[in-house]
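Each structure below appears as structure tokens.
There are two complexes below, and they share chain A, which is joined by chain B in the first and by chain C in the second.
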Partner chain A sequence: MKIRYLHRKAGLTLHVLLTLLPLAAGAVYALLYSVGLAGSLAAGFTLRYWESLVSRGTLWQTFAYSAYIMGVSIVLSYASALAMVISARGRLMERKGSRIFYLPLAMPALVLAFFAFRFLSGGGWLASLAFGSGLIASPQEFPELVNDPYGLGIIFVHFLLAFAFFSIYLDRVYANERIEEQVQSAQLLGAGYRQSLRRVVWPMILRKTWPAISLYGLFVFGSYEVPLLLGRSTPEMLSVRIVRMLSRFNLDDRPEAFAIVFAYMMLTVLLVFLLRKSKGGLR
Partner chain B sequence: MRKRTTNKPAAGRMGLAALFILAFLSGSCRQAGSREARDPLQMSWEEVLQEARGSSVHLMMWQGDPFINRYMNEYVKPKLDSLYGIRLVLLEGQGNRIVSQVMTEKEAGIRRGGIDMGWINGETFYQLRQIDGLFGPFVEKLPNSRYIDFDNPFIAFDFQQAVEGYECPWGNVQQVIIYDSLRVPDPPRNLEALAAYLKAHPGTFTLSNDFTGMTLLKAFLVELAGSPDTFYGAFREQTYLKYSGMLWDWINGHKKYFWRRGETFPDAVAPLHQLFISGELNFSMSNNDAEVDNKILQGLFPETTRAYVPDHGSIQNSHYMGIMANGANKAGAMVLADFLISPEAQWRKADPAVWGDGTVLATEKLPPEWQKKFASIPHRKYSPGRAEIGKKAIREFDAEYMIRLYEDFRKKVIEN
Partner chain C sequence: MLKVIKLNKSYGKERVLRDLSFSLREGDILSILGRSGSGKTTLLKILAGLKEPDGGEVLLRGQPVLHLPPQKRGMVYLYQETLLFPHLNVFENMAFGLRVRKIPGSEIRKRTEQLLHELGMAGHSAKMPEQLSGGQQQRVAFGRALIINPSLLLLDEPFGKLDSRTREEMQELFLRICREHRISVLFVTHDLKEALCMGDRIARMEQGQLKMYAKRSDFIRDAATGAKKEMDFWTGIREESKMKNNEQ
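Moving on, here comes the complex of A and B:
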């Protein structure tokens, strides 16, 4: 008993030391940097970096754009995966060739982004096909599917990744929670097919998968390589903007980048906290 | 109550474990930092060579070109090992990565950093000097520096900032605009001709939102002002406001004819080249005037690709090797820098089939046999000759112009 207790405490200590402590230290450092109290060029307490950020509308645009990419990618991939799992009645992974769902997950996001660029750009494979078949006369006539104003290329790649993930995950949840049996029971009691989906399947699956949706959403919100390759100069997603500001020629921009880092970390902590409080949230 | 009493020792143990690990980590850091090396600036060159023998030099450099990588891996590395017993370790990264790492190490109090030397240009030099990140002055100490012409303003000044021995010149290049002569038989040679071309061929031109793109904007500023002399010397706010205002007006007036209507710009030269190769763009650009020969030899550009310098000229600048102030092996880095400016290393690098990088050596100062060798370097096949484009070379402006161009290009063009 005592050994098990010590193991548990040692694990907790390691967790605190290796994950929480560096994160907390990072947050404090980012905050100090953003108010002029840390860094090589620190010159005393100031709020001017925060004021400059808040007064510039592009910060809110960055958060809103990241949220938009996250929302559309997650809703599309989750809804498609759910529809497929329901139609397969939780036996999707038992089907022949279902292993193909693991393929996008095994690929680095950057590789998928590059594939999407080669596939969807004006000089890419799809455009070459369109050119070859006489649909377009020059690459400039091909519709903008990457580096486009609506983030279509970014959403496409995140959809590929998230759809595979949610398909595997929802299929497992459907089976483990015995949802099919619950549906049959509901139907025996007189519920219609649609009613059983709305009243039984949807609430059960959503409650069970809400933490995964949220965490995956955060992953998309903070993604870097995909929007770097497939996004445009403005609006930018959060990580792209932070890295750009950190690596800018003007070193005075670094405190503003740290201010965004701190705001982003606080947003993440808030979300994780809300998830823990919510019913069926993180445990 | 029981719960509390059992938790107290547990919390104590956790605290002790945490303290132990922190003490161990800080102890290791101190130990690593306590091994102070001797200052190579106080040594004779023989002592520097002796100190460097058997050591490793960590050089951070951009590794995006197979020719440059081959030159470093297949020539510099083995030579450095056989001549001086130094192991060269190449680290991937350029300007901002170097500055970021040095800043982070400096802020963390690390006195023996992970980078000994970095391949830098004016932008990085300016930043590293701002944070006292460079070691020096060391260049005069290098025996081969006697072949460098420090009276040449393209070498002695980096972004109008005197080099003062804090970085060693390595190569000299001039910006060129790249085009496919099949698609563009008569490329535009000034802003007026470019405007006409854009209207006739919309969506086929853009610039990268990086160092190379901003360098092109400087050349545009020169055309608008009529002479580069307007921008030489210290930064002048009024001059910048006047001509940059004209520049933003010109770009915003024509950006609907740029690639993607000027709503987005490639963030580096590599994607710009990619768009040029795929046929989306009719132009690309490079700060390496031998780029076209390199890329044709690599099979990336078609053989009909050519490069030119517009009538208003283009920026010529040097690139350098800087030794980090917190570098762990300064002696080894100095030996490497000296080898890189040796006649043999510079001669080999200047060959277009190897790299095609312009030498920083004043060839008339070299021994006669090396003068002959430099004179017999194969000529470029597709890129313009250095002497020809050198007539239209513009010196770099004060670094403040670059800072403002970056900021205003985003605010007044991209976000406009």
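Moving on, here comes the complex of A and C:
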């Protein structure tokens, strides 16, 4: 009993030391840097970097654009994966060739982004195919699908990754939660197929998968390699903007970059807190 | 009210139901006893519309039902596991069948509260399924089925996972409610005592067919049911303890 207690204590201490402490230290450093109390520009407390960010709208623009990419990618991939899992009745992974779903997940995001670039850009395979088949007269006529203002290329790659992840995950949830039997129960009580989807399948699956959706959403929100290769400089996703600001010659950009880092970390903490509070959330 | 005519079902080469026929009167409870794998569950699932038979006919109040989807048959099949909807509280689980029928809210409240009271669950209406004991979950599952006034209840070893005391309580409650509401029931069990306690009539599933017993005494007399052997065992125990008491 005592040994188990000590093991638990040791595990918790290790977790705090290895994960939470560096994160907390990073957050404190970012906050201090952003208010002029740390780093090479430290010259006493000031809010001018925060004011500058807020007044220029940079902070909101970056957050809004990242949220847009996250929202569209997650909604599209989750809805498509859910529709497929429901039609397969939770036996998607039992089908032949289903292991192909693991492939995008095993590939580095940068590699997928590179393939997407080769596939979707004006000089890429799709454009060559369109040109070869006479659909377009020159590569300039091919629509902007990468480095475009709507982030289509970024959404495409995140869709591929998230679709594979949600397909595998939702398939397991469907089987573990015995959704098929619950649908039968609902139908025996008089529900039509659509009613059973709306009143049973959808709320049950959403309740169970809400934490995974949120955490995956955060992953997309802070993604770096994919928007670096497939995005453009304005608008820009969060991580790309932070790294660009940190690596500029203008040292005045650094405190602003740390301000964005701190705001992002607080957003993450808030989300994890809300997930812990929610029913069926993180435990 | 229920007539099953020459029902057949095979899984691969194994014939689970062979020209199975029987009938059930309005308000009767028929206990069906049988070993695991004897086809009891398959029979109930075919009647409920969850499986398709290879051949045969099922008439409910004179009307064929095999072509109807489960939600239009007016039969409710209850599993051994209650399968309450985990995202709905007790009240909403119970009211589910009324909600999907788009019954007015005031009517739903009235009927659900009345049934909750009848099942001794009035104080638990806001609880979630995971906050209930096995017996309480079984009551909610039972109420959820009763509230839509089914023509026929199909119970597949519903009390199989309950401890003996809760099981007895549930059997009593179930019998009382079924008598009061005059519900027709097919009650599948592999428990000899439960089959005898619950059924107005008793049948035994054997080699894909249903052997009906006209009287309880016929059932006990049939050596294949094991009832005689069971009774002899308990009689022997009683005699033995009597003899020991006399010797002391």
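We adopt the following convention: the second predicted complex is superposed on the first by the 283 of 283 C-alpha atoms of A that agree within 3 Å, B and C clash if a C-alpha of one lies under 4 Å from a C-alpha of the other, contacts with A are read in each partner's own complex, and residues count from 1 in each chain.
FYI, a contact is a pair of C-beta atoms (placed from the backbone, for glycine too) under 8 Å apart; a residue touches a chain by one contact, two chains touch by 3 or more.
On a predicted model such as this, the values are computed, not experimentally measured, just so you know.
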Partner chain(s) touched by A:Ser185 [first = chain B, second = chain C, both, neither]: second
Touching partner for A:Arg207 - first (chain B), second (chain C), both, neither: second
Partner chain in contact with A:Asn147 - chain B first, chain C second, else both or neither: first
Which of chain B and chain C A:Ala88 touches, first, second, both or neither: neither
Partner chain(s) touched by A:Leu197 [first = chain B, second = chain C, both, neither]: neither
Touch count on chain A, higher of chain B and chain C: B
Contacts of A:Leu246 with chain B and chain C, given as first, second, both or neither: first
First (chain B), second (chain C), both or neither touched by A:Leu267: neither
Partner chain in contact with A:Gly123 - chain B first, chain C second, else both or neither: first
Parts of chain C lying in touch with chain A, wherever the complex brings them together: 48-50, 69-71, 75-77, 79, 83, 85-87, 96-97, 99-101, 144-145, 148
Chain A residues within the chain B interface of the complex: 5, 9-10, 12-13, 16-17, 21, 38-41, 58, 121-124, 138-140, 144, 147, 149, 228, 232-234, 246-251, 254
Contacting residues of chain B [partner chain A, same complex]: 10, 13-14, 17-18, 21, 96-97, 99-100, 103, 106-107, 123, 126-127, 130-131, 202-204, 209, 260, 263-265, 267, 274-275, 277-280, 399, 402-403, 406-407, 410, 414-415
Of chain A, residues touching chain C in the complex: 177-178, 181-182, 184-192, 195, 199-200, 203-204, 207
